[in-house]
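One structure is given below, encoded as structure tokens.
In this document, chain identifiers A, B and C correspond to the written order of the chains, with residue numbering beginning at 1 in each.
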Amino acid sequence: MKTLAVAQGVAWRTLHNVFTNPSLLIPSIVFPLFFFTAFAGGLSRVQNVPGFGFPDGYTAFQFVFVLLQSAAFGGVFTGFGIARDFESGFARRLLLAAPHRSGIVLGYGVAALARWAVTVSVLTAVAFAVGMHVGGSGVDLFGLYALGLILNVAALLWACGVAMRFRTMQAGPVMQMPVFLVLFFAPVYVPLSLLQGWIHGVAVVNPLTRVIEAGRGFLAGSPTEVGAAFGAAVALVLGFSLWALRGLRKAEAAG
Amino acid sequence: MHAFADQVYLLARRSVVRTARQPANVISPLLFPMLLLAVNAGGLKAETRLPGFPTTSFVAFALAVPFIQGALFATMNAGTDLARDIQTGFLNRLTLTPMRRLAVLGGQLGGVVTMGLVQAVVYLSVGLAVGVHVKAGPLGILVLLVFAVFVALGFGAVGALAALRTGSGEAVQGLFPVFFVFLFISSMNIPRNLMEITWFRDVATANPVSYLLECVRSLVITGWDGEALALGFGITAAITVISLAFASWALKVRMAR
Amino acid sequence: MMAARARVALRLGFAGVNGQAIEAEGLVRVFKKGPRAVDGIDLAVASGEIYGFLGPNGAGKSTTVHVLTTLLPPTEGTARVAGYDVVREGPQVRAAIGAALQEAALDPLLTGREHLRLQASLQALPRETRKVRADELLHRVGLTEAADRKVRGYSGGMKRRLDLAMALVHSPRILFLDEPTTGLDIQSRTALWDEVGRLARDEGVTVFLTTQYLEEADVLADRVGIIDHGHIVAEGTPAELKASVGRPTVEAMPADPADRERAAAILARFGEPCRSERGVAVRLESGETDLAGLVRALDAEHLKVEHLQLHQPSLDDVFLAKTGRSLEGAAEEEEERARGGLAMEPA
């Protein structure tokens, strides 16, 4: 009960800051829209490459990537807030006030999800407004958004672990760069089958590839590799949960 | 004249040393553009199979991007450093010396210009190492390096202007997303004539960053293209002159306070 | 007064298992590649007591507070706060204490009222009482009018007061205040002292207060522990500590320098002469009760005195006696004391 009260307080404060501060809110909404525009708009000719074979067009193809990317970066942005709290000393106040400190991580998680819910709503609305074609059913779409949600939590836990170990905003690139690399070393612009050379080798073993390919399958109404995708996403959450909780212990030990 | 050169040299030296002593300011502009090049060159290689694509090597096509992206990084760092000088009062101290305004500005930009040259050499070396052939030959490489320095100076002046107007490092950093948008809504990943969506092509055509990219790209994959070079150098010159003029005015206003 | 406070505390059930609110034995905290910030501290703070922890910067005051508030685990030793072990029973300790740390870590984007409601939520106060408690505390620390302004516009004193209010949200039994008045103007400092005194007196709250201001420890604390280099070098009530280093001195400056020897002879009747840079001085044999007689003696001898000053032994003298060094910042306080202290015109 007390853990939930702590989580509620932390989530409220994080969301209050984000939604009353345009410099925090706008980038998390505008950047996914911008990537969606730049990729789906600028590179649409790529669907003409022989062997591309995605039935719902390049806009839908890129929508899935941008949706998952926004989920991951939503988690990372919340991690920035945690690092900022440590730098300013506010996190110490939370550590001191919270009888049960796991509620702090839970609160940040709830905030990350709520923040992403806003971003993905706007992104979805814009995608439908520009005529994105969807082949999948409601259940398929639920699968796509569920993958995004799990990815959001995984990224938040990753960033949370980093923030609690470094406890400074200087750690921003450490949170961001691996997420960026894992996302972009996946089939971003073309399906996996069209990737060649070293990037194909990396993409095959990249867990995010399964998530992205399954997401595109959901949108097209022909789900593929669903078990592998959810398995990979849940494994990331479990692994990063341990990472984040150990980070919390390190932060506690450092005072 | 000798005193002026001496003043510029002293401040430029400080600017270079300061840049070199902040590893993040050196590593980020070298590492991130190379990562983006690797990611895009791998992911978009299939694009070379589109009819009308100007080269069979996507790395050669995309090599222009780090030159512009790196200059953006350097701009942010230069602007942030100058803003810090304002915040810490170092600029005020300079105003109490007989140092000339232009010397202050020129010196502050010394670091960004040096960094621009170092970055260009690194990007070019990486490109050559992975098999890119510069079509315009050794003279083209020289022109490429001059252009890179010129772009760094022009963008650096924009960063300096932002720092002098706002006096805030955060405000300068806030410019980064704006530059980023300019970069992505350009011919960065695909030639303009292959853009399928009309409005996107129109925006890319109106975007000056497209011409900076195409200037570098022409030297690498086309050879000597007078129009691309003239547009690239012309636009950079315009950015530089306008930004320097406004930055000089902003410095005058700030020094008069 | 302290006994009365302790009775309030015991009546309200604020004491630990053996009547001590804070206990520590052999407490040590060593930082990686750093000094032994806390080096074997023993503490016993009774319920309802105001305990002043006095020492210069870097003495180990804040590290001790961090260990006692569960923010930092000790390297060695044990500590119990409100009867709970700070290592094994962290949640129970945190539920029992309130703390205003050295840096008033507040969120510049939240208002004062929002801070208090957040703190109430973190402390799991019932939802229906959060607003009332926030309003009550805002009123108590004088921030009602500024309650809905963002904290980034608050002055240093307002931030400190809000910090104190946040520490009190859940009515803690024990309050830790880490240099609460550093950087505050005299008016804000006095207001904060009044509130801390009231908390201990009326509500039986145990207060553990660190400070580098001698006057603060003197005015507020029932007992003072003086810390230096991680060790407690002296402990007791302010009066006990001062008495331990000797009796007060009187310093006189004759209006005519030629009268210096005559003045020295008169002063010598009242005690043992001691060093004075400006005039002549004596350590009063019977304490400050000798002062009136000394003034009368000077007057009887028609000796004009330009300046006469009574020097009480200060906690700085205690610090000096125990460590051989003067407490940092003591000079500033001495100046303040001289301005408002006993500076008499010639008799």
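Just so we're on the same page, a contact is a pair of C-beta atoms (placed from the backbone, for glycine too) under 8 Å apart; a residue touches a chain by one contact, two chains touch by 3 or more.
This structure is a prediction, so every number in the text was calculated from the model and none was measured.
Chain-to-chain contact here is organised linearly: an open path runs through the chains from one end to the other. Among the chains in view, A has its Cα centre nearest the centre of the complete protein Cα set.
The centroid of the Cα atoms in subunit B and the matching centroid in subunit C are 57 Å apart.
Mean C-alpha position of subunit A lies 31 Å from that of subunit B. Measuring from the averaged C-alpha position of subunit A to that of subunit C gives a distance of 50 Å. Along subunit A, no residue makes contact with two or more other chains.
By the touch rule above, subunit B contacts subunit A in their complex via residues 24, 28, 35, 39, 42-47, 49-50, 174, 177, 181, 184-185, 189-190, 194-197, 199-200, 204. Listing the residues of subunit A that touch subunit C in their complex gives 1-2, 5-6, 8-10, 12-13, 16-17, 20-21, 88-90, 92-100, 252-255. The part of subunit C that touches subunit A in the complex is made up of residues 66, 69-73, 91-92, 94-95, 99, 101, 103, 105-107, 109-110, 114, 118-119, 121-124, 166. Against subunit B, in their complex, subunit A makes its touches with residues 23, 27, 30-31, 34-35, 37-38, 41-46, 48-50, 52, 170, 173, 177, 180-181, 184-185, 187-190, 194-199, 202.
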